[in-house]
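Each of the two complexes below includes subunit A, the first together with subunit B, the second together with subunit C.
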Partner chain A sequence: MNIQQQVPRNALVWIIICLFALVAPHAARLPVWVLAVYVIAFIWRLQVHRGRWSFPGRWVKVAMTFSASLGIYLSYGTLIGLEPTVALLLTAFALKLIELSQRKDAYVLLFLGYFICVTEFLFSQDILITLLSVVNVTLVTTALVALHQPGEHQFNRGTIKLASTMLLQAVPLMLVVFFVFPRFGPLWTVPIKSHTAKTGMSDHMKPGDVASLSQSGDVAFRVKFEGEIPPKSELYWRGLVFSRLRQDIWSGLGFYEVPLSEQRPSKVSTSGSPLSYSIIMEPTQQNWLYGLHYARSNSPGVMQSSDFRLFSPGPLEAENMYSVNSWLNASADESLSDWRRKAETKLPPLGNLKTRELARELRSGVSSDEEFVDAILARFNIEPYVYTLRPGALAGDNQIDQFLFQSQRGFCEHFASAFVFMMRSAGVPARVVAGYQGGEINPVNNTVIVHQFDAHAWAEVWIEGKGWVRVDPTGAVSPDRIEWGLEEAMQAEGSFLAAAPLSALRFRSVPLLNMLRLRYDALTYRWQSWVVGFDRERQFDLLQRFFGGISAQIFATILLGSWVLVLVPVAISLFRKKDTHPVSRWDKQYLIFCGRMAKLGLVRAPGETPGQFAQRAVAELPVYAKELEQITRQYNAIAYAKVDGSGGSMGEALGRFTRTVTRFKPARRRGVIDETVSS
Partner chain B sequence: MLMVAINFENNLSYALTFLLATLFLVATLHTYANLSGLTIRALRAQPAFAGQQSEFHIMVERSKQRDHYGLHIKWPQSSESLANLTEDDRVNIQLHMAVTNRGWFNPGRLLIESTYPLGLLRTWTWIDLDLHALVYPRPLASAELPGLATDTPDGAAAMVAGNDDFFGFRNYQKGDSLRQVHWKGLAKGQGMQTKQYTAYADRSVWLDWDLFAGLGTEQRLSQLCYWVLEFDSHKEEYGLRLPGLVIEPALGEKHRDRVLKALALFGKEDRPL
Partner chain C sequence: MQLQGVIDSAVEEVGGILLGKEPQIRLALCCLFARGHLLIEDLPGMGKTTLSHALAAVLGLSWKRVQFTSDLLPADILGVSVYDAKDASFSFHPGPIFTQLLLADEINRTTPRTQSALLEAMAEGQVTVEGETRSLPAPFFVIATQNPVSQSGTYPLPESQLDRFLMRLELGYPHPRAERQMFERRHSGALAINNPQQRITLEQLEIIRVAVSKVHASENLLDYLQRLVAFTRQSPEFEVGLSPRGALALLDCAKTWAAMHNRTHVVPEDVQMVLPAVASHRLVPSGDYAGDGNALVDLLQRKVDVIGS
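This part shows the complex of A and B:
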């Protein structure tokens, strides 16, 4: 095989490093057998390299490809969708290593490697993943460089240095393109992440759901307020509205269950200036968005439902940023349609009879719905109800009865569910609202970080003349939860994040760690708002701010300008004349001398010693015999003997030599030149 | 990749795509730099017979302390050589190229190219080297040397300094062997004298242009060339007579090269050296 087509050993090592570095961030999502393929591929290729085994034959390759596809199909149940596609890509990547023998195989492998880096971003655009991908891109580039170092069999660190240098030089150019490249919407629909677990609130709620979500320390979303941050007790992030109870499970009304006339949210009269804030949500694979009552958003892709929720038409596959205006005091649905009144008071025909009885009893003892609300809250407060993350499981029928009259231990969803049930039992329109309550204020950048453990459920009751009013039964049981958050509320129980003993959130009491955590979170916010959340709007704002608009002309100018600014210095550093060896001072003087001789047509040939040169020169210019001899002798003495003939020091000798050279200004008599020319 | 970025509206995919695109841009400079600062020197070219391969020696030298990898050096019709300049500042390479016509052969412009570092771009340059190979006529065997067939070799004995038969004395000259000094004569006061011997070459042949009457110029030269090699390999003396050129019979590498050069350049212009 032509040496040019071979894969140098240095490159092979880098390629194998790439292989494992690239699969690492994907590993958690892959079936275990795919990782086994990587190990097998590595061992096989190593044995081929050592001459023990041979490259796989054609049928072996076909069999491997087929069984890999079959394996993916069996593992995922389909070959369509993002995860199976990426898994297939990664398996092919490993298999390609086994048959890697020529440079063109390596090209395929490495370009596939770049593509795998991209696929990683479809799952996460986290800072850490990004840093890892930077390392991976550097490794792939290094392997590509190593591939073009024929015959380089030593593992060579210079290779990675060149790759990193080139990437660093490319970064400023990349940034420019990144910010000016026009963003247009998707050209066609793409496979969605069908196999990624949905996180956060689900579209239904049964007792115990919110409590289990509260075990997680993950971030749900981050909020940046334009002005002052309202008190925590006001931060009720509405996400879902549950209006239907079926078999002790609360769920929202489906899109088609709402009649057409009811689908548009009724007009809400707003007064005063709104509370403005922007939210960056972590990907949830769900549709709903969060906001404070009453929320309106102008961001593209944010819609409003008839129960005043915000939602996105598609599931949130990536971090999503939207801005919201909220009027906390606005009253929604001042008048209730018959259909809605019916929907919001509907109860299953059977079950929880004791609760219904109690509700009717309490309602008959008061004169208004508002007093009724207070009566129930008072009951929650006075009776020995316990707010706990460990409510114990409720089973069978009549779960609300069980909770209210037997266990009396519950998390927010128990209280909210029981409260709404009692309201509806008495014919008062009410519904369960799920979302998050409170949040952690990050003093570093003044954002509110809302974690999964801030998940909460509360109720909304429709009061004549006021519209929907928020009522939080949990506040009646555990005011600490609303004022301070879950951690404080669960202090006595010690159940806060019990399942995550190493979560950084558990070390909030250590100032240094907490400071680092908050700083990292602030960085994440910045990252998400500038890099991940950079969209058409932000691009427009940015270009407007710096260049006063966007036009093809400006676009081209920015692009070319950045090229000149970056590429010219790079070119200068690359092409600047730099001698291999530093020239010593005596060599410099001797070269000056040679330069003067060259002007007379006497060029020292490469490899000609000063002695030989002098001989030739003397023959040509006998007049200067003495000077030539002197210069040559002095030079030889310094350069080779390093000893001065007259016994002086090196410095003196050099000084003398310099003077001799400076004084020597040969000129040719005309006759000699003519003679040379004619010869 | 751009399609992925656009369709998933994934900003980091955009970033990576653009990074690779701009890497390509930066790589143009680095690819070009792999050839910059190189000095190519023609060392020498091995003479060859027409129809054979001539070997060309070239030196590649760098002027900067930068590694140069994967330099492909060749003439369009020559063999290819791959050079790296990493540890040493210069490297010698040999290229082989078939030569067809006698005379001075100039291989034309030398191509140096490389795709280092990324393989996506190729940089190349054509260099005109002052490198000429002397091409001897293609040796063409003929059964017998026509002149020899009559067994009257043209030119009988030539006097060559040898030590076969005593021939006479001459005055000692610097460089004469001390063994051949006529010591007895010196003792007799005749001064330093050297004994002279003659050796008759077994066959001292004149390879004459006219021996091959009736043949074309190239054919004549080819046959002459063949006989030059024949005689040389049998260590027999030979001289050459061409129209306008006579080389006295002699033996040895230098002589052979001189004769062959004469054949190569017959009727052609010599290259000013």
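This part shows the complex of A and C:
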């Protein structure tokens, strides 16, 4: 093999380190056998390097490629979609290592490595992932540098220093590009993450759903209020409205199931100053957004449905930031259309007869709908109902009957569902609302962190003259849940985050750990609002604030200007470095002479001796033959010959030489040519 | 000047046999004036042996020629003790090495064992046979020829032995004009009679030696020399840089070259002129570098600044 094509040992070591560093963040998502491929590839390449095994033959490679694709297909059931594609890429990455024998292979591998760094962000844009990616980029760059360091037969840790320095030098440019470079809309879309579980609330609710969601300590969203944070008992984050019950499953009305006239939300009269806040949601792969009662948003891509929910047109595949204005006291839907009244009182024709009967009985005992609500809540309160995360499974038909009259153990969705069922049985318009309730206030940056275990379901009842009124049956059973949150409510049971024994949230009682967790969360908020959330609008705002109006010309000027600002200091420091060597006085004079010649386009090559340079110069500029010859002779005499008595002392010779150089002022090229012509 | 004339006539004499190779002839003379051994390396039939014979003749030295073959033994070069039945004792029969100029033809066709027998002789001017050290005549030169190492049936000279040759020359193909002249001469049958004559006497050799010792090497020049040497040791292209012995050889040759050109001081051109011959066989390219010793010398010539530090 051509020596130039060889991969130095140092580079090989770095490439292998890269390989494992790059796959590490993906490891949890990949099938185990892909990781095994990595280990095999590593061992194989190592044995090749040691001369024990040989590179795979063509058919072996074909077989490996084919079986890897087949393996991905079998593991994921498809080859299309984000996870299978990334898994395929990562497997190919490992297999490429086995056949890495030449420089060009290494280039392919390393440039692919940069791409793999990027794929990580398709799954998470977390601050830690970003830090890890910085490390990975450094490693890949190090391997690339090592590839260009010939003669490194030993592993050399110093290479990473060089690579880090290079990357640090690139940081200013990176910032410029981040802040100033135009952000285009997506030129293509990545395949949807078909294999990631959709997180958070789902679009339907059956008994046990919210309880299982409450086992998770993940963050659902973070909220920053502009003013003071309202009390926790007021923080009902509406996400979904379930108006339809079918086979014990509550679900929302689809967009096209609502008649055209009902598709737009009715006008709501608002009074007083709104509660302003902004929300950064974690990706859910779903399209609903959360907000307090009567929420309006001016953020792009946030829409409002006829049941006053906020939603986004597409699923949330990345962190999403939007701001909301809420009027907690506004009354929504003061009058109810016939269609809606029908939709919100509809029940399955059969089933849960005992519940229906109980409802009718209770309704007949009171004079108004509001009293009816109180009666049911009072019943929840007085009867021995238990609010628990472990309600036990309900099976078969008549689940509401089973809950109300037999088990009497339930989580919020059981109470909300039973409550709405009873309301509707008595002909009162009511619906289930799902979302989150409460949240944790982070004193570090004054945000409200809403976790998955804050998931909650409650009810809304339409009362004549008041519109939709929020009723939370859970509050009647366990007031602690609303006042203090799930952890307090479940203290006796000990079931809070029982499935996640190591979650940092379980150690809230350790002040140091809790402080660290909250500080990290504050950092995450900052990261999400400043870096991840820095989109085209925010870029525009920022540039507008500094430069006034924005036009294409200004944009280009800023971009180029900032590049110049960043690069000029680098250039200057590079120029400076050259001038630091001590030079003898005659060499200095000679270099002045060389500088003058360089201005005429005659640059002395490093390996060119004064004599050779003079010869070349005379051939180019015969006009100055005499001067050139004199300077070279004098310089040679001082620099190389023993200064002898006949020419005077060293000092005199140097003085003469200095004068000769000073007198020699060759004219610009044009002048030289003119002179040649005239003479 | 007299010295110049002597050298020029010697060059002319050799040049009459080996056409169009004046620079190589001058370098070869420079090597011998600097009291160094000379290695001539090129493909078969390029005039290696012709050059070495002509040099021997021009210098008027007593010379012997050994054709190195794979079955040559050290004793064949150094000499051997033979039992003399008449005297009933061993008497030493000196080998071909006991001469002023040894022409070792195709030195890399013999085994390392025999090659190394030359070593002591070349380094110290003496040989040790059967425990007895005998000194060689003075001056003692070795002019060796060899085929390129990649040719089959060769035992490459080890670095330690290459280092003992002050210079290595490559002759290269003749210039077309010189080649044409050669054809014409052969055609007219003039070549055979043209035996070279002695042009330089031993006394003149001594005069040259004295002249060389008086040549001045300035600080600037020594700086340049040091930069050259440092470059070979620091740059990644070099596996093995110039040894201190190599550096001294470079200085000696540059001084000799300056003296041969009638100068009392060394200029950088002198160093650059002798550099390929002195350095190319001492430099080893690193594994990642594609070029050979000549490419390294070229790199050295171009990259190392003559002026400034």
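As a convention for this text, the second predicted complex is superposed on the first by the 547 of 679 C-alpha atoms of A that agree within 3 Å, B and C clash if a C-alpha of one lies under 4 Å from a C-alpha of the other, contacts with A are read in each partner's own complex, and residues count from 1 in each chain.
Heads up, the rule we're going with is that a residue touches a chain if its C-beta (ideal position, glycine included) is under 8 Å from a C-beta of that chain, and two chains touch if they have at least 3 such contacts.
It should be emphasised that the depicted structure is a prediction, and the values quoted were computed from it without experimental measurement.
Engineer: Between subunit B (first) and subunit C (second), which does A:G607 come into contact with in this model arrangement: first, second, both, or neither?
Structural biologist: second
Engineer: Determine, under the contact definition given at the top, whether A:W527 touches first (subunit B), second (subunit C), both, or neither.
Structural biologist: After superposition on chain A, A:W527 lies in contact with neither partner.
Engineer: Now for A:A639: first (subunit B), second (subunit C), both, or neither, which partner does it touch?
Structural biologist: The answer is second: A:A639 touches subunit C but not subunit B.
Engineer: Answer with first, second, both or neither: which of subunit B and subunit C does A:Y590 touch in the superposed model?
Structural biologist: Once the two structures are laid over each other on A, A:Y590 reaches subunit C alone.
Engineer: Taking the superposition as given, does A:F664 touch the first partner, subunit B, the second, subunit C, both, or neither?
Structural biologist: A:F664 contacts neither subunit B nor subunit C.
Engineer: Counting only touches as set out at the top, which of subunit B and subunit C does A:Q6 meet: first, second, both, neither?
Structural biologist: Only subunit C is touched by A:Q6; subunit B is not.
Engineer: Does subunit B (first) or subunit C (second) touch A:V570, or do both, or does neither?
Structural biologist: first
Engineer: Who does A:Q149 touch here: subunit B (first), subunit C (second), both, or neither?
Structural biologist: Touch status of A:Q149: both partners.
Engineer: Quick one: subunit B or subunit C, who's touching more of subunit A?
Structural biologist: Between subunit B and subunit C, the winner on subunit A residue contacts is B.
Engineer: Should A:M166 be classified as contacting the first partner (subunit B), the second (subunit C), both, or neither?
Structural biologist: A:M166: touches subunit B, not subunit C.
Engineer: What is the shared patch of subunit A, the residues that subunit B and subunit C both contact?
Structural biologist: 3-4, 149-152, 606.
Engineer: Where on subunit A does subunit B make contact in their complex?
Structural biologist: Its residues touching subunit B are 3-4, 103, 107, 114-115, 117-119, 121-122, 125, 130, 133, 137, 141, 144-145, 147-152, 158, 162-163, 166-167, 169-171, 173-174, 177-178, 181, 183-190, 317-318, 531-535, 563, 566-567, 570-571, 574-575, 577-580, 606.
Engineer: Within their complex, state which residues of subunit B touch subunit A.
Structural biologist: 1, 3-23, 25-27, 29-30, 32-33, 36-37, 41, 62-65, 67, 69-70, 72, 82, 84, 86, 89, 114-119
Engineer: Hey, which residues of subunit C end up touching subunit A in the complex?
Structural biologist: It comes out as residues 216, 218-221, 236-237, 239, 264-269, 272, 286-290, 300-309.
Engineer: What residues of subunit A sit close enough to touch subunit C in their complex?
Structural biologist: 2-4, 6, 8, 149-153, 581-584, 587, 590-591, 594, 605-612, 636, 639-642
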